[in-house]
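Just so it is clear, A, B, C and D label the chains in written order, and each chain counts residues from 1 on its own.
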Amino acid sequence: MDPDTLDSLEWPVRYGRVREESLRRCAGLEVEDHSLQAEVFTSPPKWHLAHTSWFFETFLLKPFDPSWTPPCAAYEQLFNSYYNGIGTPFARERRGLLSRPGLQEVLRYRKAVDEGMAALLDRTDHASGGEILRRCRLGLEHEMQHQELLLTDLKYSLFHNPLFPAIAEAPALAPGTSAAREGWLDQDGGQVEIGATGEAMQAGNFAFDNECPRHAVLLRPFQLAEGLVTNADYQAFVDEGGYERPEFWLSDGWAEISGNRRERPLYWIDREGKALEYTLFGLRERDPAAPVSHLSAYEADAYARFAGARLPTEAEWEHAAALYGGRPTLPACDLHPGADGGQGPRQFYDSCWQWTASAYRPYPGYRVPEGVIGEYNGKFMCNQWVLRGGSCYSPPAQLRPSYRNFFYPADRWQCAGIRLAREA
Amino acid sequence: MDPDTLDSLEWPVRYGRVREESLRRCAGLEVEDHSLQAEVFTSPPKWHLAHTSWFFETFLLKPFDPSWTPPCAAYEQLFNSYYNGIGTPFARERRGLLSRPGLQEVLRYRKAVDEGMAALLDRTDHASGGEILRRCRLGLEHEMQHQELLLTDLKYSLFHNPLFPAIAEAPALAPGTSAAREGWLDQDGGQVEIGATGEAMQAGNFAFDNECPRHAVLLRPFQLAEGLVTNADYQAFVDEGGYERPEFWLSDGWAEISGNRRERPLYWIDREGKALEYTLFGLRERDPAAPVSHLSAYEADAYARFAGARLPTEAEWEHAAALYGGRPTLPACDLHPGADGGQGPRQFYDSCWQWTASAYRPYPGYRVPEGVIGEYNGKFMCNQWVLRGGSCYSPPAQLRPSYRNFFYPADRWQCAGIRLAREA
Amino acid sequence: MDPDTLDSLEWPVRYGRVREESLRRCAGLEVEDHSLQAEVFTSPPKWHLAHTSWFFETFLLKPFDPSWTPPCAAYEQLFNSYYNGIGTPFARERRGLLSRPGLQEVLRYRKAVDEGMAALLDRTDHASGGEILRRCRLGLEHEMQHQELLLTDLKYSLFHNPLFPAIAEAPALAPGTSAAREGWLDQDGGQVEIGATGEAMQAGNFAFDNECPRHAVLLRPFQLAEGLVTNADYQAFVDEGGYERPEFWLSDGWAEISGNRRERPLYWIDREGKALEYTLFGLRERDPAAPVSHLSAYEADAYARFAGARLPTEAEWEHAAALYGGRPTLPACDLHPGADGGQGPRQFYDSCWQWTASAYRPYPGYRVPEGVIGEYNGKFMCNQWVLRGGSCYSPPAQLRPSYRNFFYPADRWQCAGIRLAREA
Amino acid sequence: MDPDTLDSLEWPVRYGRVREESLRRCAGLEVEDHSLQAEVFTSPPKWHLAHTSWFFETFLLKPFDPSWTPPCAAYEQLFNSYYNGIGTPFARERRGLLSRPGLQEVLRYRKAVDEGMAALLDRTDHASGGEILRRCRLGLEHEMQHQELLLTDLKYSLFHNPLFPAIAEAPALAPGTSAAREGWLDQDGGQVEIGATGEAMQAGNFAFDNECPRHAVLLRPFQLAEGLVTNADYQAFVDEGGYERPEFWLSDGWAEISGNRRERPLYWIDREGKALEYTLFGLRERDPAAPVSHLSAYEADAYARFAGARLPTEAEWEHAAALYGGRPTLPACDLHPGADGGQGPRQFYDSCWQWTASAYRPYPGYRVPEGVIGEYNGKFMCNQWVLRGGSCYSPPAQLRPSYRNFFYPADRWQCAGIRLAREA
């Protein structure tokens, strides 16, 4: 999906494009793959397909279409993720146990919702037209977020199979490029503005509530790396005892890696003298020039200390990205972050999310939206860390400088890497 | 499968009958059902189908058929249950994560093994003919054991789905019969023999090694109930505070029910004034006259104390069953234990396994068989309790007075009930 | 210890005063009380007494006094809290198992360290005099921090004893005062400065490294409550279903109280119609006018939402405290936060710590100090929340507007309460 | 206490001797040692001192002495071990947190109970005299059982202190004796009787209820080792990879040692090339000729398999001990099992308990005694394994051929070793 065009499309077309993309991402899966859930924090592809439909059913069809007949009353509970305002969600850790409804039944559910939505979007005279379009846009952004999770969750689950399954044929590796982040972007700092403007959550100029309000911050002069830390860079950290030297680690990070015996990034496998990596193309050799990915924030932070640098704050990142980040484009390969032979400021959106040094908290003056939709973001604003940018799994249409992604610092299953910063 | 005929059949026919039965039991399943694993102690149906084939491949085709080409080298690890002599088995708690090989691939694996076995059994001149037949018989008995587990495991996993899925249409409930165990079988005790004779593990007169050697035991005079404890009987225990009164419980049992907040049998559901029960036919009303099932040994033991009786020892049970048990017959309904309107000694094999008071330990003079097959039973002979009889899920062909089933006392997902005993 | 005078005292006197205070706090304890450790996050009083001595031994006597002979080599490991640079600390969760050295032996250890320190501080000609005084001051601040923990840890451990032990006789409750926070302090916001100035960690003008550097922040106009939330206020929250209504809670907070079945503040006990509270004076009636205390950050945050307000940021708090907080004074009663009959801005330092909305992260431009002492604060700067102010357990000499206290948001055993803020 | 004389003593003297012995065992302890509880399965010495007094108070003074005034009402709950009939016991895992009552207070409690008991035993005319003496004897046997636990629990707790504390000065090691079990006792088997006769639980001929009724069993011919397995024997097992070879282990045992990374007996420490062992004399060199001790049943069972033998059943052990075991005598050294230079049948009672192959279940015809005292043994009769004999920590006065000790097979903190058996 070309990020440029989404906003210019008619609503029914726009809706269709996003919904189709979810199915396209499942094209290489076996029926059984759709039910995999290796840990509580991952959800099966089938559940993602159902839950995103549930969102449209719950927040659009049920309130705005009096003729809507729910395909199954139990879905309200089964496919609710975390909205306490809708009722008690089905236990998250058991999503993989929902063999029924089967995949075909879930696809029928999607189809029924799509037909209902088509009819709703066709009605140009609806009294609640503005609210419908606002919610529809939110539903599409929501579905795009789940498109990324669908792949990162599935990757994590498939990784537990010693057959190291592939869901697509691997493209040939580009001829070795040794490009590394060598340059730094100098920033003067001062008082700058970050965040999305007040028209947030309005169709046509979308931003999530957590990007608002736009506000001023004070920045000290700083430098931001032009590119991302590579596998080769990170290998040096491992080779120099990075996982055995507490001086690089935050205390919580040291406890995490000690207690869980971490010795390398999640998907790295060193076997018979070969540096391998699990990818959705199966097990492959690691590309030294590709950005290191699937790190926890602790690993990112420790590497930065090892490299004599630090992680950027989210304000630093956003300010620089607005200047240098360019516009998100389609990644060359959408199932694994690849090497980027380029020079200069790059890799803001198309390789790995970039852990920042910022705790995920509301912006000054943030207000939780009214109603159940207020549960979308507000209640998660603590204990997580902000990531900025985007990854090869992200639908480019939803990336922008002000987008705030967030995960717990120990989380490693997202496609997260490192862009360094340092004092000027 | 008529239990009478198995032994009289030619080997290839016999092999085919048992193998077909495994598939027949999956007839009502969705593809996704085949991958369900709700807890570490359950295995997905697909895994049972693969593992039983692995058994023939590992212990027959690989050692005795030089032309055998394994369909996939990784299966040796993936479908090994617990034979350390074969290598490190794939982690048991992750069997549900093996989306690959998919169901169709596993069915192809079964077919390849069946073809290999057909060829092996056809060769009448094989130098190791005796050993081949002995192992083939063991493989068939092994598969029959898994046929029961396939259903009890699946029942447990499906139970976690709030839709309470059915895998077959329920037969009409028989008109209410109020028959309860009213009579007792008087037994004089004395020195009696139990166990299987020395020809154990020989084709044609099969017994597992754990039933051997046949040996004398001393029994005191005792009484054994003619029938099983019913749902109505057990309801009285619940209604009189059975789960809140420590005086009925073994200390470990009290800890188990307190720590896990048990208040009723596993599949009982009391909802809107109705006494329901989860079955493989879906959620149904409980039949007061049917035997109570899916109890832990602790529940069985506590009920017995409540009823002023005790559980029988395995020797008591076997001695009486040999006299009164009759021959195992096909259960009227093979997916749930039903009421039995009969009188006199009954329900030995066709309703529920019966917890005994006996710890599962080797018989005097027991010797673990040589080689990897010695891991079949010997290493499990501690901490479990013996159950005797059979259930509606058991292939009747493998039931007999000396058969020793065994589970941990806290286990509730097997179809286990209660036959009382008491001092004469 | 009068907070005014500490800085004006000669070093040996100053040292002696602080060290004596640690022992004074143990005056009401039984020998056995000194070994209590109810959870991994609490330490026994004996361990606090030893560890604070270890600090002086490790960072002053060993490096600066060539004549120093360690009383016991094993103490280096046993009483190391978390300094990986010194070696592997003894397992934190087992501190309560160190019956040896006994209390008398630990008191001898303290005495030996005190004598060594007296000699060291007497030498006016020491080449490293500046560093010695800097470290001595750090050691005294460190000991004062442990003086607070000694009491809060002990309170938590004693609470597990159904006898509800007291360590001192309770003063009479002041006659009921119904004063509640009725007023708000209006703040204009704008660009203000917070933090300690650059002379941090210099004797005579002490600040911890985490208070530095002083820097500008932008504040929006806001209001800060004059006083703290009282037991009566919080009781209303409980009575209106506060612990059962997810709409008040952050998602992590809701998980915490649901998973652990929280229904009220840690030390509240409602028994036989009486509203009681465990204190170091034993079990007592709750004073409705006293500030509610021993809350988690989740409870504080939920209460604020219930009250239509929010928690202040640490910058808001510090800016207001510098204007209105006055100077820390001795609390009227030093073992429990009491009601304050006053009016106007109050209770900044002498009742309960006040949870802020700020994640504990380094200030812009913060640099971890060189060497092992750099482990003091830097490595803890993630996942915790900032508390500001001080409590009745805090040595007043170390309180100041810029002081940053920090705990995990689920922590409830500290004397933490609530000062509300809201948008102007 | 000479085992011969206990029964011949007057009741008050007998009572006094046993009670004094408990205090004698605490002679080498620091005050703080009395509160140690390293794991839920150990209890602090102070708790043992209090609980044994609670037993006399609860079962004798409260029911039979109308003038008795309980020193503290809360003790009924605090010092109840597991008698649900008395009320809900204080949480077992928190016994180490009971700093109050302090040791001095507990000693006063003991004294009060002793005075009450002295008065009760003095009254020769009591209407319930028989029952009083029966219960008194039970209380004394109970206290002797706790005398052993007091030391094994304390040893386990002290072991967690890196100072490896001693509670007594070590006697000189006897000059190396290399005696090993070389001989076997041949037993014909047949029908034999085991267990205590019906006068059980009667003063003057004491046996616990779990030793009754005496009954006939059938034994096959077998051989029993004359002596115990030594440290040198067991070292060979370790050296030959015993802990890495699953073929020696029961499945549950293999899971236990794998999951907990066991590599040697609990108290063995191999450090700087020295074979050491933690004892109550502190850390010492292991004596190769001394019996190996502090093994789990899994370790004992695995060693037996390694040695081409097996563990004896409890009936085999008892039958042989009655013939050859002699009478329990005072151990040469009562704080650690020592080498025994002797020949022939030996080490039945004075070194280590001996794991048997028998699950702990009631004897045929066993009946739980009426009333709360029925909780003493009956409810524990499952899932544990029987040990026979006695250890250097056991009061010899309570040892006898029919005594049944029992622990869970994974338990390692008891002084348990191995006497081998094998088929004749």
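The working rule: a contact is a pair of C-beta atoms (placed from the backbone, for glycine too) under 8 Å apart; a residue touches a chain by one contact, two chains touch by 3 or more.
Since we're looking at a predicted model, the values are computed, not measured.
Considering the contact criterion stated above, no chain is in touch with chain B and with chain D alike. Note: the chain lying farthest from chain C is B, by mean C-alpha position.
Inter-chain centre distance (chain A to chain B, centres taken as mean C-alpha positions): 47 Å. Chain B and chain C have Cα centroids lying 60 Å from one another. If each chain is reduced to the centroid of its CA atoms, chain A and chain C end up 38 Å from each other.
Those residues of chain B in touch with two or more other chains do not exist in this structure. The touch graph of the protein chains shown is a ring with every node of degree two. Which chains touch which is summed up as A-B, A-C, B-D, C-D.
On the side of chain B, the complex with chain A involves touching residues 30-36, 38, 46, 74, 77-78, 90, 94, 96-103, 157-158, 160-163, 165.
Residues 82, 84-85, 191, 215-220, 246-247, 249-254, 301, 313, 357-359, 361, 364-365, 379-383, 385, 409, 423 of chain A touch chain C in their complex.
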